[in-house]
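The letters A, B and C name the chains in turn, as written, and every chain counts its residues from 1.
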Amino acid sequence: MAELVDLERRITLMEERTAIEHLKYAYWRHLDLKQWEPLRALFAADATVNYSSGKYEFRGIDAIMKFLTESLSRDRGAMTIHHGHHPEIEITGPTKAKGTWALYNYMYNVKQNRAIRIGAYYHDDYVKLDGAWKFQHIGYQNIFHEEWKRDDLPSINLVVG
Amino acid sequence: MAELVDLERRITLMEERTAIEHLKYAYWRHLDLKQWEPLRALFAADATVNYSSGKYEFRGIDAIMKFLTESLSRDRGAMTIHHGHHPEIEITGPTKAKGTWALYNYMYNVKQNRAIRIGAYYHDDYVKLDGAWKFQHIGYQNIFHEEWKRDDLPSINLVVG
Amino acid sequence: MAELVDLERRITLMEERTAIEHLKYAYWRHLDLKQWEPLRALFAADATVNYSSGKYEFRGIDAIMKFLTESLSRDRGAMTIHHGHHPEIEITGPTKAKGTWALYNYMYNVKQNRAIRIGAYYHDDYVKLDGAWKFQHIGYQNIFHEEWKRDDLPSINLVVG
């Protein structure tokens, strides 16, 4: 019966990793589709963030959501895609985990005539609360961050967006 | 023995999710490498598609393949990369599943002096037929779709492509 | 008990696939963060590479590392992001596996006023040595490779990088 217990532990480990990947996928989906209420539900109340190599640091779910809704809303002209790659998730305890991800982030703001391309690495902490994984910390360090004026491409045409 | 049955169910669930991910990976690989016969084999005969927020809707495998081969063939100058991210697959029955994916799509057509960049979310339905997962429906909603003339970058040079 | 053995085999297969994915994720992470010593540790001593449809072929870990450090170092101005997608890993024996991956590769070199975008498919071979998966072979075939002068975008501004 020891073997059955061992198999169950190995299955659980894989399920936990998948659950954390789904948490992160939901985060990016809600962020880019501007679904603020379901996005908020993914954070622990005392979560912290540290975006863009420490340029944007916030503590607590209210401060985080204020920053995200103000800086990334469509009303202000912001179109964003955050694509995450290369999940390396480590379960460090029954309710604790950490992970790194590669980020490809393309954004533009037509009102500001501005385009942005970012490559970065996330270092996240996850916590299991009442059976569901949440973000305890999200942070990323830039590899590069470049900007240009959208009309540097004179013919640029927004078919949708 | 109930426990063994339960573990087997959990393993199968993970294997089914992986099999559906492989179906989608094969779809993008055949699409971008223009391998039309193996691409065709991934669809159920009565599959439907709805690309680009409903702009391109087709019913049945013949209509789908006609659209894809005509619009995306290399003969006509089309280079495409479709990169899919953030799989959120849900097995909804023994032979049914659905899933969402983020899409990053970059395309150009040298003959048309045209470049295209798209961000979107797929909502797919999958069906298991004779033991193999197939596409019952593929659809995506655009987040953005932008186009420009390739010679907006005066020095652009195709080393391969 | 035959069933328990079978479940264990299926779990091991999933774990092995995950371990190989982590090998590849570590490869890209060390490559783009320019961490040469941990990058070197991921290769078998007699590994081979074949990048860019055969343009860059090397045999043995010393020749491979010489090429990577010389062509991609930050000292020479090279910023790189290699993002890998669509893992299709096949375990072909107790210590052998192979896999394909889609690649999105964006690079620039400010000193050379040069930007590069590549789409490709990797075909890799993996080997398990002393319990750890290593690269036996890495190769990719280009779908496209395009280059342009960075100042084709007159306003391009490097905030980080």
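Definition applied: a contact is a pair of C-beta atoms (placed from the backbone, for glycine too) under 8 Å apart; a residue touches a chain by one contact, two chains touch by 3 or more.
Please read these numbers as outputs of a predicted model, since none were measured by experiment.
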item	value
Shared interface numbering between chain B and chain A [over half = same, under half = different]	different
Superposition of chain A upon chain C: rotation angle, C-alpha, nearest 5 degrees	120
Distance between chain centroids, defined by C-alpha means - chain A, chain B (Å)	23
Chain C residues counted as touching two or more neighbouring chains	4, 7, 11, 14, 83, 85, 104, 152-153
Of all residues in chain B, those that touch chain C in their complex	4, 7-8, 11, 14-15, 18, 22, 24-26, 28-29, 32-33, 79, 81, 83-85, 104, 106, 108, 152-161
Residue ranges of chain A touching chain C (in the complex, touch as defined)	3-4, 7, 10-11, 14, 17, 52-53, 83, 85-88, 100, 102, 104, 117, 119, 121, 142-149, 152-153
